[in-house]
């Protein structure tokens, strides 16, 4: 490793810590969020440097992009609800007490980390050995959708759960914002096909290259967010069952696959080797749809209007 | 499980099941509730009679169910257990009759009678318990099932009395639990045996055994109202009269006293208790309680409070007899378990009648009440004579044996305590009798009798019967199955060689 | 290094220079409108030069095409976003800077 | 020290920062930011510790981090909704002190 | 067990899939949510029976998800220990589900059922997982579902409690995950059994133990990490409070027990005893502090919530108890599992009863409980019975658990633990009867009483009676617990 690369890594690592510190400490909340988004993008770079391009994509799209959008949207709503509440100078009473303790704990943690660095153990060999039977050639996708597909099943359920939880709270009645003008609309019309194409590409590429359902879903979700920003809304007849179907179909489809495999007498989520690739693609496609729909609806912050009357 | 052991469950069930059913009965279905109550009480008495007969003829009834590894749930009907069981069952029947009359038309009777039955179940369980764990189970159950009766009236005073009752008894229960567990961790068994089961430990764990003894005694001493653990008893007087009767004569206080008997005789054994040097302090504590209770009773104007302090004093006769650790004193103590029960329940029934019929709660209001309620006050007088220890009422028999036993054991000071206590008893009972019989009623007199009777049949008969029983127990002390005879039967088993 | 390599290096350096200038402008210019002005220079020209340099280095028409596509997308997005920011600033009544 | 080591240690620093922010900041949005930074730190440790081994990067932590990122965004979304609703009812985007809750419910 | 009666099904997988599928279906088609919710909850009990018979046969069932097996894949594991927790979940879950069916209004109920099924599925998945990272995902699924349910009623206190809870639970999970990261890189596996073989004492193992222990203790609300519990548990809707107190805090405790019994305590050279001692002290502090606070509370639900803080303390008293060989004392752990079951049933009953009181009188201020003894006799009975079990008085499950734990502590001469347990029992009796006493007294002002559906009273009472019956059946149930904590894992290490 060259000195230059070491320098970049060190700078990046320091930059991450500095940005995080600024994001937490700067007095203006809006600036804090923007810094946090920048932090997320830097994280994505760090993932690239750590040879984790899949994570980098996910971080950029979800960690920085959508989380940032969610935070900004929330801040905007907060401004409406409690204009005075966006001041960030409020602090807990015991502001300085834990600092020393935390630094000590951090030092201990650092030492433990250093003790592991020389010879960390991992599962590279096992993944490589079984990759051929997994149905995909991107090892991360193989782990996510096959070797540890059960985690992923629970994870898409977590996303669904978050949405249901948000819906059960009904934070505020939806309100129509001023249309942001024709430029955004035009941009959206130009960009939407590109985004859909990009999502489809990420989804497809996930089998053999960096990408996959989460990244694709996030990109598609971002398209939804843009559309919402441009003032587009779902047709009322689509906000009921069709929307719920779009949201549930990812986890639901995954669950159905699990049931079907269980009914054929296999263990939970054991794909027949011949079908593994196809099943993974099916699950990922459905998951992409649901992830996108869920993220976009979460961004909107409230249940789309025209629920079927109770 | 031997076939005869089912009877033990049946004895428990005869009050438990009616109790549970009564909870579910609508308030207005008086006949059904009364029927169930009486059916349970009578069948319990019959079952107990059967067991008495069997035990007298050398049968042993035992029931053993696995509860914890190495520890069983054990019910065993020996002579000692049956002494208490018989007392409880007989007095339960009478108290039930009395309560039916006393609470006529008052609210929440289903709740009351349900807990009443549970309470008796628990005290019968306390009596029949074959090991310390089973004893502990029923002992705590007794606490819990009595609580709703103490707070039954639902007034703020009742609530406070209930809190105080629980604070005392549950703390006692915790101490009992600690002692029991400690003993179990040392001995590996908790089975009651005629001469105690801890002999083997005395060499290695002498200090621990002494500590455990006091833990256990403190645990049961709370219910037995040993000074200074007696504070709850006078407060609990806010409860209705049948509950007081239950607390003082049928169940709670008796369970505590009975616990002392069990611990001294069947956990430690009298010899070991004397050897450990714990018997004498216990006797002294009992003596102090006797005198203290009597002294406090002197200064109470509230009739029920005076009776309550009298109980504090009288129950310690049992502990005293047990702690003196001689066979004759034991007879005196044990027989007082029955005699005190009969006499004290009479007194409480009478106090209840006064309160219920002519609304008298204070001794200073009792002037001339003997003329208005001759039968009630007659019963009261008889029981009070018994308490003082005048022959031929039952109390005399107890005191006689206690004094005799103390002298036999070389503890002459006890006689002084007995004499002093009797004087004090006289000092707080005779003025009541004087007021009732020899003073003229104040003011407008009492509420007139209805229908020519001084009060309802159900209120009148129970005290009269128990008064008659107190007299009978004294007069006929030497016929078979009299309390004294039965206690001597017990003593023959506890003290090898006594006859 | 061959001729195209030198050219690519030159283009990349020039691009970096634009980025540097744009960043300086972002930090030093007095108001939102002028800052936007500086930023778009960096985004559009700077990125264009870098994309050109990289395309020369890529040695494949496909990759070069992808790179140029990225540039076009950034142009589109950058222009729209700059417009939106400026519009938002106007709607909020933020005044232009005057000396 | 390898490059991965930098990131692992940076991860530790982020964890400490996140904890500090969570403890010290009262504004709920800040607390959520702190949780996210804490999470990023944990993820960095998770991958950074693996380091660039000879056998290539270990994909299992990568998959775990992707899962973690999705969980984090879900939790953040829920947290934001909760914060907004809480602010609507109480008027302040902070948690109240414990003191008023001890008294009887108003 | 006879294969004729029960076919050899993948019970573990079904126990997880059924509620989660129900949740998704309920979200898709809200009008059917109620039926789906009740049916799947009840179905869980049947599946559990199947799993129970299978575990009785094989002791430990392993299910390699995806067919890969550890270390590459995730494994599910069902043994007696998981069965204890699953049983508590199924019983309490069913009771609460029936209760909730009457508790929530129709429009609300549609939102409730999917969230509840998520929680149920997450709990089942958690108790069956043998993979450290998978446990993290289940923890998050459970935590978010629990937070959502806490905030469900939408009141100010509930929202504030839920927010605090969310932050605490996220922090706990992330700290736990950090420990997982260390363990993974120290051993190259996430599977419990493989970790048992591979983990060696060292700074990484020690730090991981500290991190995971701290994270899970936070989620379990062990003193002094309990700050989030009373506001959340007291402000949530009654059925949710019951779930949170009875089950959710037990889930993180379950992971802690697994880690302790199988990974860390047997690891020689880790000074496991020191950690155990610390946890024991915190447990004692929790008992005293929680009970004392409960005694001071003016409202029933707050009181019951603080009681949970105290009762959690009991569960930690087994950590310092070690055998002569320095291994965890099976007798103590058996007692703790017993307490877990007893507390789950009793605490659920208490919260449900408190919910009835709240609905009946419109408030739950203790001094103003207006003569409820005669108006809500079943609720009062449920509260009292459950309270007796919580206070560890006979003849209840709580008593047996306390007896077993006291016995274990006494045999090791731990008088400090004994004293705290006895004192805690008295304080518990104090706060229980503080409430019960007011059931009998009339309040100063009359209240407009609102009827309480019979199902709500009966479910509370049924759970309380189950807690009581637990006290009568120890001989029957103890062998199961012995299987769960017995010599097994600790001595399996060479």
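Should a chain be cited, it is by its letter among A, B, C, D and E, assigned in written order, with residues numbered from 1 in that chain.
Everything below uses one rule, namely that contacts are C-beta pairs under 8 Å (C-beta built on N, C-alpha and C of every residue); 3 or more make two chains touch, one makes a residue touch a chain.
Please read these numbers as outputs of a predicted model, since none were measured by experiment.
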*asked:* Hopping along touching chains only, can you work out the least number of steps from chain A to chain E?
replied: 1
*Spell out the chains that contact chain C while also contacting chain E.*
A
*Taking each chain's centre as the mean of its C-alpha atoms, give the chain farthest from chain E.*
C
*Averaging the CA atoms per chain, pick out the one whose centre lands closest to the mean of every protein CA shown.*
E
*Two chains sharing the most C-beta contacts*: A-D
*From chain B, the most remote chain by mean C-alpha position*: C
*Roughly how far is chain B from chain E, going centre to centre by Cα mean, in whole Å?*
43
_How many angstrom lie between the centres of chain A and chain D, each centre taken as the mean Cα position?_
14
*Let me have the rounded angstrom distance from the C-alpha centre of chain C over to the C-alpha centre of chain D, please.*
33
*Could you put a whole-Å number on the gap between the CA centroids of chain B and chain D?*
65
_Overlap residues in chain C, where contacts from two or more other chains coincide_ = none
*Return the residues of chain B touching two or more other chains; collapse runs of consecutive numbers into ranges.*
none
_If I count partner chains per residue in chain D, which residues reach a count of at least 2?_
15, 19, 45, 49-50, 60-61, 64, 67, 71, 74-75, 78, 82-83, 85
*Name the touching chain pairs, would you?*
A-C, A-D, A-E, B-E, D-E
*Residues of chain E defined as touching chain D within the complex*: 133, 137, 140, 144, 147-148, 151, 154-157, 159-160, 162-164, 166-167, 170-171, 174, 177-178, 180-182, 184-185, 227, 230-231, 297-299, 302, 363-365
*asked:* Quick check: in the complex, which residue numbers of chain C touch chain A?
replied: 73, 76-77, 80, 83-84, 87
*For chain A, which residues are in contact with chain E within the complex?*
108-109, 111-113, 115-116, 120-123, 126-127, 130, 146-151, 154-155, 157-158, 160-162, 164-165, 167-170, 241, 244-245, 247-248, 251-252, 255, 258-259, 262, 266-271, 308, 310
*asked:* So in the complex, the part of chain D that touches chain A is made up of which residues?
replied: 1-21, 23-27, 29-30, 32-34, 36-37, 40, 43-45, 47-53, 55-67, 69-78, 80-85, 87-88, 91-94
*Give every residue of chain D touching chain E within the complex, in rising order.*
15, 19, 22, 28, 31, 35, 38-39, 42, 45-46, 49-50, 60-61, 64, 67-68, 71, 74-75, 78-79, 82-83, 85-86, 89-90, 95-96, 98, 101-105
